[in-house]
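Right, I'll just put the structure down here and ask away after.
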């Protein structure tokens, strides 16, 4: 069996050896969510998994299986649940999954954890999951697990954004199925991108509030919230380099690696 | 974007077209669980995903993302939670995940579902998840979703088992990290098998009851419950052919495909 | 007040004396479930209670009140919830009841527990209930409770089954309201058996999968899954002797009694 | 199989015939709780079951299995959880059990239900359980189930209390393991009463508030809250007659029987 | 910033100083519930908050924010949920809120707590909330928090009731929107009382049982369960003096203040 | 009883009249959270309540009681739970409270709701609470409730921020106990502000990730995340005018008022 950076590709005994060396484990949080007519629905699984894989190689860590079903898509950040194929779970469900994974890894001896999120809406249920997981571990007598929790897109240089958006960055929330994600997918899985189908109906113009149920026309019909035109694998490469370099640096700094 | 049998590799609009044709969706249930020193811990993800993929091709269905964290491993069927790397969730958590997926797919218009299980301990929480999912859908006014639920290993011909176990089949429960799973992994992911590490400490001799906490020595130290010697990709091929053919046949029969 | 093997027939002070001697407590798990037109619906309460009573006498233990509402009946093992009178609870509900009982007994000082199941579908929620109960006790500082968990029907000699089924044992799952249960009820509560109503519509021919909602005709109309003809109190006696002897032996062995 | 007033002593087909006639079902709520050194711990099971049995005979109803594990005993009404043998469940657990029973009976066609409580602390979780059960049934399209919920001890004539307490009735809350319950047990199960052990340490003098954790000496050491001296089967007979007559009358009136 | 008896009107640093002196905290439990056509719906918030405020001044304690949404109103004690404006939560929700508050205050260092209830139906979910909160704290290593739990109306002298009800006190349960609450509101918030609208349709005549769904005419149309005529601020003053004096005395006695 | 914009200051019958006119209800979401040494802990209650009150007057709406216990404070946005006095609830608890309020108001006939949040961390549990509440209502046959959900601070003109922050706005997340909140409190409750205690230790310099447990020194010791110097009631007035005007406009637009 070859060496692997993926936890589940190890045997339990190989994993045990890693635990003995206080290995750092990454838990990527993904989703199955519409990303426009030009992208597959696994964008939020592919990207954070790829980032974790690269950072884990840099720091000698392991990547646990990516959670593939995320918290419910919201109209203003992901288009919302009404798009067919978006397959999501309730907040309590999501938090319990992460709680249980943390409890399980903690009882195995893992003391360094990075929860790396790739789906905007997961952010808060993930905060809760981490809190519940650490609470349970403390009650089981384990109080020395340290957890970093982050969104990969927050790790990018200002200069990179400037290169990507010469006319100004529209902001993270609208970056759904748009330039950044499309470029990263062109880098990672070009077979799952169809540039010919990039829509022209964006960018979304949202009010500063939510409305439920989602009104007709609230979300662009394509599900794409900002423009994806101009996406390229090269730009994906710029982004990926930032994500990996900056997260690697942060992880090293926090865990003294 | 190429055609794909994996739901999450489609765009939402491509998926919508499938829904309009009443596409059948497979939900593979996996686990991250020790499978002895000679197998990776993703056996229960790799095999049911592969079975689903093949059956889905046969019947024109789609495969949703595999649930990678299963219900807690039990000593008599999987070695138990004490093996490092086995990363599991509580029964309620597991059932809620499946409930939410079913509710989500049902509200998208999916009316034909196959829940295909690859981890013994998932069986009953999966029953609950299906029941809760259909209950919620009924309360949302959707009462015509039809769900098959199955364990892939129940689809094998007697003659195949006789060929595999000339001295008699030890039974499904002990088939953990043993001949069948090892052969299937040799077929599907030989890079995740290390035959040199197949242990000699089995087969497990369990009493007809559980004991908690698991006593010292209750489970073979290797985590392998029956013998894995003699496993081969060819035998994996025999099994896979049975699983795929018989499940295809059952699915066609149940859904009139 | 006479001595009693039933916990709830003792005063608290008498129970306290037993706890001081580290008494073993049995928790029987039952159900209120259809058992064909010829048997009452309390079969899964009567039998495990009777087994517990007899084993408890043998080992000087106590029998806690039987849980009378079980996990939801499944078509392939109990006929399913559609039969009127089958009155069941959700998996989480069942697990919480058992969790709470274990926590309550543990905080009273009980350290030896046997959870004896008489309803097939309870098996897995019972596993979860035991795990949750012990988890809570550990967090309350109690880590030395030891729990056995078993299905009574797994304690039978091969030779007894051969005597009962000269043409071959159809297997545990189909043993619902059939020869074994009918014989045991004839032994224990003949007033709750009406042999004249033993149906002829079995044995059930189930596929190797579940279908939800249960299709018309999936389950024999009588709710009886295998043949009950030939049942007798004498056969019930053979079975009961095996159950009691073998469980007594196992309990003695596990708890060093 | 003899006719029986107990639901679980019927076959499903006999029960089905009753349902077709709109049978009224009683669900007795009990507990396993200390009742002093002179009474068994099943007092709250024995009495409500007996009341239900008699009323059911009067009105042609059926008695479902008694819930044997009640909500947590409170110091001021039952002595509290610290007494060994008191085996109780959390409020949510109790409410879920009752919810599920009501949903299950409602889906069988039952439209008339009496929830008859025999354990003070069950009162409010039972209110919640009924509310949740009816809520679920409404969402399943069943809105015509009618439920009575009562404590049996509220059905007694003033004149009977005057006969029993010539010096004044100390009130329901203190009636734990005292004159009323002891008399009823002498009537119903004299084998579970040991009058020689009636303690002298009562009556309890409680403040008008709870304190947690329960302070030393808050509850009489015996667990008996008021005096049990003078209890007799004859007095139990007076009480039982009132309970049965008055509840029968109320049930007939509410359900037009 | 002025000194305040209300916890939330302090800065965190001022609160920290109080914690260092082992300050006693009051948690008032209220509701938003109909109180007849002559009273506002915040009666169960205004009164317990006012009682807490006064007692807290007496004993040097702090008053945490009042819980404004209570457990579901019941027909026999509050008129029931059908009255528009009654806005309530499920039992589990209520218990979890109180559990979390207790856990949060306990982890801050609070060791003396008074949970003071102003809404009849909150009583039992509050018992559960306290139990769950203390259970969690124990598991977090904090076992020395002491909690008093009380209903303010239980602190009144017999002589006061005799003065208020020369013809006899109808009892606590019917005291909903009636003489006592109306008088207290005239004292505390006369702007929220409209004596001209005091209805004449009471007192309610309830059976000794609940019926669900609530039958037509079960509850007086006004929502007032007993007579409110004769209410006055002066009578409110008599009551408030009793409540404050007697609760102050009990708190001092229990906490040795 | 005077007319009031606060729902709980109406009688049920006055509220009923409002419901008949399809009144819009505001639910303010608050918290009890540290806001530095110079502000009381009820900032997140005072401000959203005041905003709701003013907007409700503008549009003829009603303000339901403010939820006073919010979701757990996070280090990067509120300082975190470690500050004494911050008293918070779990995500599930918070969502259930909001779910129940929405269900309760919906069953009363309310069809227009504004959920106005004043505590950053409440945002996502509020999204979940709204979703669960509307889901329950739909299952109860009510599908025409429309809900706006917003954070009040998102309603401010760019020009106002420019006036307030001539050197550039540090961003919403750091605006905790800083210039904006301090100014608003000086306007609304100057008695709860102590400008002399405004700390100098900010602004916080957070990394772009969370760390759990919160490391020493991660959060400024004062709990203030950005500078509060320069706060004034006049600036509070500028802000309040924007919040009220812009939210009024949005509400009118969404609900066609």
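Labels for the chains are A, B, C, D, E and F, by order of writing; each one numbers its residues from 1.
Just so we're on the same page, a contact is a pair of C-beta atoms (placed from the backbone, for glycine too) under 8 Å apart; a residue touches a chain by one contact, two chains touch by 3 or more.
It should be emphasised that the depicted structure is a prediction, and the values quoted were computed from it without experimental measurement.
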{"item": "Least hop count linking chain C to chain F through chains in contact", "value": "2"}
{"item": "Copy pair chain D, chain E: interface residue numbering same or different (half cut)", "value": "same"}
{"item": "Intercentroid distance (Cα basis), chain E paired with chain A, Å", "value": "47"}
{"item": "Euclidean distance of C-alpha centroids - chain A vs chain F, Å", "value": "29"}
{"item": "Distance between chain centroids, defined by C-alpha means - chain B, chain E (Å)", "value": "54"}
{"item": "Residues of chain F touching at least two other chains", "value": "90, 92, 139"}
{"item": "Touch relationships between chains, expressed as pairs", "value": "A-B, A-C, A-E, A-F, B-C, B-D, B-F, C-D, C-E, D-E, D-F, E-F"}
{"item": "Of chain B, residues touching chain A in the complex", "value": "1-2, 4, 6-16, 19, 32, 34-42, 45, 64-69, 81, 83-90, 92-93, 96-97, 99-101, 104-105, 107-109, 191-194, 197, 223"}
{"item": "Interfacial residue positions of chain F with respect to chain A in the complex", "value": "72, 74, 90-92, 95, 123-125, 127-128, 130-132, 134, 146-151, 154-155, 207-213, 250, 254"}
{"item": "Chain B partner contacts - residues on chain D that touch it in the complex", "value": "139-140"}
{"item": "For the chain D and chain F complex, residues of the former touching the latter", "value": "138-139"}
